[in-house]
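Notes follow the structure.
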Amino acid sequence: MSTPIGPTDSSLVPRFAGPATFARLPRIDQVERADIAVVGVPFDSGVSYRPGARFGPSAIREASRLLRPYNPGLDVSPFADVQVVDGGDIAVNPFSIGEAVETLDEASSEFVQAGTRLVTLGGDHTIALPLLRSAYRKYGPIALLHFDAHLDTWDTYFGEPYTHGTPFRRAVEEGILDTEALCHVGTRGPLYGKKDLEDDRRFGFGIVTSADVMRKGVDEIADALRRRIGDRPLYVSVDIDVLDPAHAPGTGTPEAGGLTSRELLELLRGLSTCNLVGADVVEVAPAYDHAQITATAASHVAYDLVSVLALNHGG
Amino acid sequence: MSTPIGPTDSSLVPRFAGPATFARLPRIDQVERADIAVVGVPFDSGVSYRPGARFGPSAIREASRLLRPYNPGLDVSPFADVQVVDGGDIAVNPFSIGEAVETLDEASSEFVQAGTRLVTLGGDHTIALPLLRSAYRKYGPIALLHFDAHLDTWDTYFGEPYTHGTPFRRAVEEGILDTEALCHVGTRGPLYGKKDLEDDRRFGFGIVTSADVMRKGVDEIADALRRRIGDRPLYVSVDIDVLDPAHAPGTGTPEAGGLTSRELLELLRGLSTCNLVGADVVEVAPAYDHAQITATAASHVAYDLVSVLALNHGG
Amino acid sequence: MSTPIGPTDSSLVPRFAGPATFARLPRIDQVERADIAVVGVPFDSGVSYRPGARFGPSAIREASRLLRPYNPGLDVSPFADVQVVDGGDIAVNPFSIGEAVETLDEASSEFVQAGTRLVTLGGDHTIALPLLRSAYRKYGPIALLHFDAHLDTWDTYFGEPYTHGTPFRRAVEEGILDTEALCHVGTRGPLYGKKDLEDDRRFGFGIVTSADVMRKGVDEIADALRRRIGDRPLYVSVDIDVLDPAHAPGTGTPEAGGLTSRELLELLRGLSTCNLVGADVVEVAPAYDHAQITATAASHVAYDLVSVLALNHGG
Amino acid sequence: MSTPIGPTDSSLVPRFAGPATFARLPRIDQVERADIAVVGVPFDSGVSYRPGARFGPSAIREASRLLRPYNPGLDVSPFADVQVVDGGDIAVNPFSIGEAVETLDEASSEFVQAGTRLVTLGGDHTIALPLLRSAYRKYGPIALLHFDAHLDTWDTYFGEPYTHGTPFRRAVEEGILDTEALCHVGTRGPLYGKKDLEDDRRFGFGIVTSADVMRKGVDEIADALRRRIGDRPLYVSVDIDVLDPAHAPGTGTPEAGGLTSRELLELLRGLSTCNLVGADVVEVAPAYDHAQITATAASHVAYDLVSVLALNHGG
Amino acid sequence: MSTPIGPTDSSLVPRFAGPATFARLPRIDQVERADIAVVGVPFDSGVSYRPGARFGPSAIREASRLLRPYNPGLDVSPFADVQVVDGGDIAVNPFSIGEAVETLDEASSEFVQAGTRLVTLGGDHTIALPLLRSAYRKYGPIALLHFDAHLDTWDTYFGEPYTHGTPFRRAVEEGILDTEALCHVGTRGPLYGKKDLEDDRRFGFGIVTSADVMRKGVDEIADALRRRIGDRPLYVSVDIDVLDPAHAPGTGTPEAGGLTSRELLELLRGLSTCNLVGADVVEVAPAYDHAQITATAASHVAYDLVSVLALNHGG
Amino acid sequence: MSTPIGPTDSSLVPRFAGPATFARLPRIDQVERADIAVVGVPFDSGVSYRPGARFGPSAIREASRLLRPYNPGLDVSPFADVQVVDGGDIAVNPFSIGEAVETLDEASSEFVQAGTRLVTLGGDHTIALPLLRSAYRKYGPIALLHFDAHLDTWDTYFGEPYTHGTPFRRAVEEGILDTEALCHVGTRGPLYGKKDLEDDRRFGFGIVTSADVMRKGVDEIADALRRRIGDRPLYVSVDIDVLDPAHAPGTGTPEAGGLTSRELLELLRGLSTCNLVGADVVEVAPAYDHAQITATAASHVAYDLVSVLALNHGG
């Protein structure tokens, strides 16, 4: 097996130079095979409030120029151990949510079936559904950790079943989630009604609120999440609005009272022994960002997710 | 006939206080009848690049707090001469362009049929089509002056016939425009191909480029436009990107080399004797604006369009 | 008793459409009576550093479009249980602090005497004094929890007794506060001298610093506050600068080292059993905000204050 | 007579280093006498809309770091020919407009009586009145060129006679202006009523609108202004909102359709032979500025005004 | 000869998707030969004031996503007529100006000697010197049109001969410019002394000030420039600060009173018949940009320069 | 011994008026001797990513206008107890890192040898090396607490030994640090490789990560740091990027997951009994700041460092 091709050498090419692939990794056409691919889905036609996440992938990639190859938080050099690539953007129809979901379903499945695990950069949260479908077809029912201010288990919005507020209800309905191992983390903010919580519980979700994280600390929460997940194939979906607006202003439906980026990263690192099979980080809307703080946080989230995938590769 | 109800008195309520109706005018439910209504259409699902114009109506209204009741550029007190109101927002489905177009068609027709002339605050340029349909049903074939960096006579985009780049091709196809009296003003920037220009000419459009305005001056241009329009029922559609990005950063598809706000306002004032029957100002995307300069320009555009309508009321 | 009229239905009118009343609630002229009114006071002539809070009420209202009707943090649907309305802005003279204080005193008293409890959106902190006067006339001496980086018990500034740094000294001098039950929360940052602390203590105030909140946690702090307050009529005044500048850049006198929005909201929820009779959230200066993060935090503060009021209504 | 002390040498101290006096000139306490002083008046209590001009002087000074000592537009080295200094800020009471006006009257008079000509950095336009009074006491009735989007000849606002909208009416009433030689330049935007124009004309003002400048060009306008002014002692007051919001977003009451900075600077240079006795540039509100474009424009305006003063010194 | 490979098809991949090569053109490794290459030089160690132009190339490329393939201003489809590519970034040492100049000299020469004409995206203006050297070695003495607020013919700064203020003095000294055909366009703003102008004139430069462009109009200016240049091999260097700060806030040494983007683009189009052999657009500092207006202007400048090169290819 | 001259009296001169010396303290030429001087070093030629820290000193000084004279967190009035001054900027060559380091070495030594302790406002982290050299020459081997996201013990970058990533390796090599008492605090983010950690440990550094601070709390960390330091002469170097990007967006190499400003300030206050001999706060890059939040945090850091110095003066 060949040595992985790593990122552009920053002692030769300054970090601010050269194309902004994720972490300055090779493009997928520059390698023979990819163990892990970071792909973008520039799509935001499923949002209910501020649009703009279509520019998320390029913003996260720009911010990822600063990522270096060794992750001390997990003691791993992900790009050295396995072949990680930038898989480019999956282009979808901005005017038809249904067609976009289909296109993404097929494109992601191609990666997954070839044994490439995906960390997907959104785009809005609508994209989690086809990504979960792809994971399900490869791995069977999927455990899900969903970091988000919101539940995203609403039903429809203006008659549309596929929106950024509904992917996980659809996924439960489609039977592709392992309902024993579902949990929201970082939830907060007002809901439409108490029934939102009842529906959500009925689907099998646990809820760890943002205030729970503050009160119990990241270690206790991570322990509980690991126990709930066990060794099931796990998908982690991170809506960047799980962070407080101070840490992630560049998003579409901000809610006060969120996680810090330090809490989020430590929680993700707490999943290092889980059987992660895929992940996304979504809802980065750069028009509302400032000095790349949201995109930087998202790039670190993606980096830690890649690191966890690398740690578990072949395990 | 009753005296029109005017804006909130700024000697009693400072301009920064109270609800942000357009120019602090009364709501439509506060008057008995409306000669002219300023309405918002918070919709941007038809855009091809930067979204965000769904927040345009509220941004323009906020900026319009500074509008005062006498327009010295046209020597008219529009709110004193006729009843002008804020007609509120027309809410449309953000997930179905087709349904949105239908809803807007009906809602605007209701105003128009009741004799209320509309100045519509977008929203993206998709909305011009249903607004033109409403005008056509009332007034017959419509002359059109289209202030825009772009032609907006493209065919489809990702298979979608109704987008912000296609309303005027659709309108020509539907036979609702008077093809003797169509003109783009402020056009500039690269196109897909020479055929774009040929198609556009075939539809009957003249083109006054942004550079033409610089070379000939606003008076010569306005004269020519007035001659082309004559006394036909005229609709004026202003895409705020007709302005240079310096004057209108807050828009979705900016092109360098545009008009100044002074040129645009003087051109509109040059239409004071035309038989204006409706107008819009679209594509204000506040997330990209700075210090309200785009919204301020748009509010002045709307104010001058209202003034021209007021001058011609009952004419 | 009639069923309360709730907010605009977001399944019919998208959250980004329609007028920006607080939480999209009805205006006061649309209901028969109001149990709770959210009112704005666009006034900032009492500030000592960065002005701009005159635009606070409209910014908070814009940000409040995202508030939904059920508050899971307090398990209450405030808009369903009691009639909550947007009471509009109270317009005051920007050139005379004295007259402004008088006008606000009268206008707020009218609400309070009619049995409507107020959550007031500032405006600068000067406005707390007339609001406390109104509360006192209805309820007698008032317990006060004051969330703020600063003490606001200074004496005069440039000879002016009514400024945003002096309301609580004036209130103590006027005898309208219950000096057994006064506390600052979130205090930090340099002072003019040790005498500031001595004066403040003499007036009866306790101090919970921002660092205390970090060290002890919100639950211990909230318990202590509740014990101090007991069942006295309580007014809660929230200067948004109690938050760290990361969470609230849009304010006039920022101090590093502040609370997180999560701490602030949990502290307020910890007061759910108190006899809250009025509240304000002040010092939101939108010109310094970014992506509405300050206004969003303030809208959540106001929402939780409304929720606490709703929980205690009729108690 | 001693050689003037010039600005800090930028070949020794980079322009971004050292204190931000205007153009890096010496402080007044570093010289024996001053022919021309640039002073700041950080005051904005007279504004009717967006406040923030209190931070104008420091913002203009920061932007003035880039000014170099030779002005090719006027072929003059102002800092070499006469002693120009930074006179510091004149501190005034932010809570009493009346007292502020008095303080400024006295402080500016001290300069003027000592033979130091002032270029004053505002602050809001209220400050023009005491500055004109000082000039009058030294030079007799003053000719005035007023570059502004607005007339600033309104009467009172909320009962207050001294505001940023009223200085020139007050000055006419006080008899300190030479009513044969008064002109507004760059006027535009809606007014309260036709009476505004009638009053203004009655006071003796001519009006050169922003559109006039576009139509006639700067040379024809400058010629006419020079003829109107003759050799009378001239005060030039520049409200930065005379510029289009594209060129000056950082101001309090922006109006679309304004001058370009190039037009403004060329118009000022056209006054090089006039008997300029004082000048101001006001209404720079940095919180609304972007990348210092407003402050940069204002610093160039002040620099050209200093240059004109230097050219006429001792003449 | 093979048909050129054009940009990504925007009917398949939305403009906001996929890698941000210039105008979405192919990378150089995707074609067999390149007639014209757009290359980036992320370097800003030669600046004297605001740094940040190292991020210019990526910002201009992001903004260039909106460029379409037909240029109606010049009636040319540049990407169809010749092979235009994105040549990537030339990485240089940020800590040694001398080494950076050498590296760039060699790297650009390789392109030029291979017959590929370059449009270079800076980076600061230091880079013009090695680019001119490369052109000289291929074409002999070079005619130069230099669009800039500044002369950039200063001598040294803090002892450093290679800075962004000195490239053209060095180039004259090195004998690589055709001193019969040198002109600055758009010059304005204060200088260090009259000697700056004298030195500059001695080197052979003509000056067309920004005010000249306003007074004479672009056509007269372009005519004069064309006459001065004749059919000499021409290099066009565009410092984006030639634009007014309103049009280009994102730059390092802004000067009020500049060109509009419309004037600049029309001037460049006026050079369509010249024998252009190379060009650059420099000094875009994205940290100071807003909503990409500077980067958008720069991308249009580069596009028109590519178009002129395409028109003259093989001529 | 004379009474120290304190800051400008804010009851006479509003905080927004007058020159922006640090905390409005006297300039060094206004006092006879200085116990503590706050000096600026506007230099950023040693950065590897986003430049701009050259504007840090003036930005921190502007933000320091709000600092008041009594520090309740440490119960000290630093400006009353000892003479604190603003020492102005130390101007250095922006084009030669080596010369800049020499200049700063000499200039700082002059202060230190005269018994003036320095709190230096950067500028980039390169400047810590000459500042440590000066301290070493006065006090012998120096204990170092280094608050930073990064280790800054890298070797060279593009061949350059003096950069913002290498000062502490150089200092160890030069033998000027006390290798028994070195610690990084707030470290996080990816590294180049595990060897980075090994080298760092070999140099004698301890590491307290940002996550350690969250898990253990500031008091436990501060205790451990104090024990490590003992009564050795201590230098504290604060790279503002030790804060999370939410708290310090205005910096050059942001890393998610950082400290809050509250944690940082409390940690610094925990050092009140240490024998602090010098300190810096570096890497504030204002072009990326928003509403001064980074500069405000830095000004509070500098104020607390001055306070600790004042507490230990003469000890």
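General remarks:
To keep things simple, chains are lettered A, B, C, D, E and F as they appear, and every chain counts its residues starting from 1.
Convention: a residue touches a chain if its C-beta (ideal position, glycine included) is under 8 Å from a C-beta of that chain, and two chains touch if they have at least 3 such contacts.
Given the structure is predicted, the values throughout are model-derived calculations rather than measurements.
The minimum number of touch steps linking chain C to chain E comes to 2.
Rounded to the nearest 5, the angle that brings the Cα atoms of chain A onto chain E is 180°.
Judged by contacting C-beta pairs, the busier of the interfaces A-F and C-D is A-F. Set against the Cα centre of chain D, the chain with the most distant centre is A.
Taking each chain's centre as the average of its CA atoms, chain D and chain E sit 37 Å apart. Centre-to-centre, using mean CA coordinates, chain B is 40 Å away from chain C. For chain C, residues that reach two or more other chains under the stated contact definition are 14, 16, 48, 50, 54-55, 94, 157-158, 244, 246-247, 260, 288, 290.
Per the contact rule defined earlier, chains pair up in contact as A-B, A-C, A-E, A-F, B-C, B-D, B-E, C-D, C-F, D-E, D-F, E-F.
By the touch criterion given at the top, residues 12-14, 16-21, 40, 42, 54-55, 57-58, 62, 88-89, 91, 94 of chain F touch chain D in their complex.
Residues 10-11, 14-16, 65-73, 75, 77, 217-219, 244, 246-247, 260-263, 265-266, 290-293, 296-297, 299-301, 303 of chain F are the ones touching chain C in the complex.
The part of chain E that touches chain D in the complex is made up of residues 48-50, 157-158, 188-194, 196-197, 210-211, 214-215, 244-247, 249-250, 253-258, 260, 288-290. Of all the residues in chain A, the ones that touch chain B in their complex are 44-46, 48, 50-52, 54-55, 93-97, 157-160, 163, 287-288.
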